[in-house]
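Across the two complexes that follow, subunit A remains constant while its partner is subunit B and subsequently subunit C.
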Partner chain A sequence: MPLDVKDGLKVWQRRDRNSQLAIWAVQFAAVAIFVYCWQLISDKTIWMFVTDAPRQAADMASRMMPPKWDYLSTLWIPVWDTIAIATLGTLMAIVMAFPIAFLAARNTTPSKTFIRPIALFIIVSSRSINSLLWALMLVTVIGPGVFAGVLAIGFRSIGFCAKLLYEAIEEIDETQVEAITATGANGPQILNYGIVPQILPAFAGISVFRWDINIRESTVLGLVGAGGIGLQLNASINTVTWTQVSVILLVILGTVIVSEWVSAKVRHAII
Partner chain B sequence: MLRLDTLVKQYKTGDLALKGIDLEIPDGQVMALIGPSGAGKSTLIRCVNRLVEPTSGKVSLNDMELTTLSQGRLRKARRRMGMIFQEYALVERLTVMENVLSGRLGYVSFWRSYFRKFPQSDIDEAFRLLARVGLDHMADKRADELSGGQRQRVGICRALIQDPELLLVDEPTASLDPKTSRQIMRLIRELCAERKLSAIINIHDVLLAQMFAERIVGLQLGEIVYDGPPDGLTPDVLTQIYGEEDWEATIETVDEEELEDDLVGEETAAGSD
Partner chain C sequence: MSHPTDSLTGRRWKRPPFIASPLLRWGLAVGAAIYLAVAFGTMEVNWSRVADGLPRAQRFLASFFPPDFTSRAEDIFDGILESLWMTVISTVVGIAISIPVGLGAARNLAPRPVYLFSRAVLAVSRTFPEIILALFAVKLFGFGPFAGFLALSIGTIGFYGKLLAEDIEDMDPVQAEAVKATGSSWFQWLNYAVQPQVMPRMIGLGMYRFDINFRESAVVGIVGGGGIGATLLTSFDRYEFDSSAAILLIIIGIVMVVEYSSGYIRRWVQ
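For the complex of A and B:
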């Protein structure tokens, strides 16, 4: 009852007393939990390591310097592999995500009780497993190499693309669909004329965004043997050749910057 | 002739939108459907082409009962009913030409429509219609580049290229300025006369309804409370349809002479928008 009458005056407050007290109680509890956790973490921390950290970091940085530039020449093929894994994986994912998204969207699914839950299950299971874990499993199943990487990236991206796409499908303007339906168009025609034009910008944006993410993810797939520049990274770390590690990190940084630039440009051009 | 027989629509929420409507629209008649928001105007015209499934009752177009048709036959029947929408309902990211040609979707196969390979006769007709409404130079523009009045003209072309017998028009002027509203209403009426179409026009604007329709049906809470000529709309009748208000300023006796003048000026007006 935010509205109150006091001495014939109508007093308005945002909340009444009880909900205001409840909000304060929640805020107090949040602060208390934060302080308690802080205490807990601080007790379990070995502060000697923390105080030592700047020295360790400086030591590692000095071992990385100077980067071993002539190592670059052996990196071009792995960089190419990395980009190929990301691109092919993304392509595979969007081809499969497109129909799944239509099966999952409330307004286009053929059956809300049977097919939609299956489509949602595919989306959730694809999303719940990180690409590194997908790669780990696929390397055991089909052996190490670039192909396992492509599949890992693809499987992880299906859920991401399909989820964002089906949300876009559910947000379309239904009157445009109604208008196409009213002309006597059949189901596939309604899809082609009434729905697809409306989600095309979202579809393109999602694909490029995911490609950009996948470039970053595919740089580490080599750690578990699924091809790409991660293989070299793993090898260099294992042999403690920090001057090579620094070169690889710089190359990854460069690749990611370029991919972000490309995806920003493309998205800008489409939308 | 379109015939509604004790048409009832009850929504899942329990709202009774139409309470047994009986209505007959002879060929070539332009009828305005007026009534307050929520009276069931939109529901009524959507029950005709079954964008909304009626709960009970019959709808028949030229003795073909629409209410019992299978999905396939219904699609064929929908080709005979053109629909024009309040917010134009053009597919915004398609071109004007694609929007007009989408009116032919019921006549061409999926693959032809997918590759935009419409028969030349359809394309000719599309250009003819666009020229008729003064938009032939806009064929390649995307629909979202057009102004409100232009979009509604494209919507009219899309409905007419279906070669319909009946136009279902849902608030055609609700998003347009007063001048464009009149031009659009005049265009609809003229095209109906040219092609001997009957039309149901849902409209909020009583004055426009009086100016451009030959028959007015007043709907209130799902029931017909007035059915008669435009000049029969007295303050009493309007009070019955909409509720108590001062109606004197709304009602105007339609000036026949002025209307004729407007008709002469239409060609230039259509092009100038």
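For the complex of A and C:
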């Protein structure tokens, strides 16, 4: 423990000189990077618009009031579509993520040198492309509509579910697998009786968690034409009917809060 | 699967079901089946359009290869850099703001009114997806990276503040009490009792949020929030799919690099 002598008294210090200097250097570099990045963004910003923004925001808020409540009756079908996109997309994702997770987990993959990297690449590319980008591509290919939304959510979620699932598979208790192997079980039987029961709670938890995230994401897919409540949001913003926009925002808020509550309850019940 | 012991015991072993209560089990199964049937029924799939899309998908994928990194290299480079700045700034600013909000939202730290207020801030900034925030930021602040930066920062506050508050609520009260017993002031107490307990996890989560922000910065451009998303959208609109493929590959590459380095830093910190 480093001590400093000040006026003949020993004073405790948290760190010795070298680590203190190292921390200062890191902090200095971080501040420098931050200032540099801020400078670059600020060059591309028209500050007049920014200083004007509070007035604009007040103006927008005043035009959103009061919400046009009778618009609500036309929103039930888009809300239903949004939930259907999230649910069916999640379903599609977990069906496809299940085998990929087994191929990617270090302890169950058939080949560490060939198949595991492929499975990991599928996981990474599915994860790094946002569902909105997937939707953009799918709308170009199969046309606008709910189906493109379902596929977009599905493709995006495969990587997420498979990643969490293969981490769960790698953390299983090997002694149970060994016990099943000792009874003379073959490969599929080991999988079915030794591994699957151990990861089933994690699997259910991951699915519900992803469903909750997908509800949130499917509300915006309509911006690129892939169905759901985003279509109405986009249309209302383009026609500057702000009283409808506020209703849509409230509906999205309600849907997201309800789905979060459901997902928290279900996960609480599982774990 | 009959077994020699079956005849001795008179019954067969069956795997215990995942959901113990049979009523709940069958209820959930029937409910799920009905919901799926209705959901599929109401989903209007234009199958002829989808069938049209299949050869189109083939051409689409074919035009992705080989990815063209060169002909739009300058635009792509600018877009990627803009995304990276936006990610850095919004992560830093978001985390800086989320620290006081997170402290206020921890039940064992803050008085009740502050707690409720901070929780409300977190709930509102968490519910809306970044794209919707970006949409409104673009309306208010004009096109460009500033709008994207604001949207990502607000998203970061909701995410990071909530996790920070939960982590503080889970901390070991014994250490906190020991530091308090030395007669420390509130800030000293925060610095020596609370911060060391939550720091390792929070650094990891900060790296994770950086990763998320980069991925999101690729889409805020679609609604005009600057970054690589704008370049990507333009390349789609011009049917220059080989450039789009190049952009997507670069995004995947950067996400992989960030993910691996964040995993490395997290191991180093813990």
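Convention: the second predicted complex is superposed on the first by the 225 of 271 C-alpha atoms of A that agree within 3 Å, B and C clash if a C-alpha of one lies under 4 Å from a C-alpha of the other, contacts with A are read in each partner's own complex, and residues count from 1 in each chain.
Everything below uses one rule, namely that a residue touches a chain if its C-beta (ideal position, glycine included) is under 8 Å from a C-beta of that chain, and two chains touch if they have at least 3 such contacts.
Fair warning: this is a prediction, and the values are worked out from it, not measured in the lab.
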item	value
Partner chain in contact with A:Val35 - subunit B first, subunit C second, else both or neither	neither
Superposed model, subunit A: greater residue contact from subunit B or subunit C	C
Contacts of A:Leu253 with subunit B and subunit C, given as first, second, both or neither	second
Partner chain in contact with A:Ala182 - subunit B first, subunit C second, else both or neither	first
A:Tyr193 touches, of subunit B and subunit C: first, second, both or neither?	both
Footprint overlap on subunit A, comparing subunit B with subunit C	193, 197, 200
Residue ranges of subunit B touching subunit A (in the complex, touch as defined)	49, 51, 75-79, 81-83, 85, 87, 89-94, 98, 102-107, 110, 113-114, 155, 158, 162, 168
Residues of subunit C defined as touching subunit A within the complex	15, 18, 35-36, 39-40, 42-46, 49-50, 52-53, 56-57, 60, 81-82, 84-86, 88-89, 92, 123, 127-129, 131-132, 135-136, 139-142, 144-146, 149, 215-216, 218-219, 222-223, 226, 232-233, 236, 248, 251-252, 255-256, 259
Interfacial residue positions of subunit A with respect to subunit B in the complex	173, 175-176, 178-186, 188-189, 192-194, 197-198, 200-201
Interfacial residue positions of subunit A with respect to subunit C in the complex	33-34, 37-38, 40-41, 44-46, 49-50, 53, 56-57, 60, 80-81, 84, 87-88, 91, 124-125, 127-130, 132-133, 136-137, 140-143, 145-147, 150, 193, 197, 200, 204, 216-217, 219-220, 223-224, 233, 237, 249, 252-253, 256-257
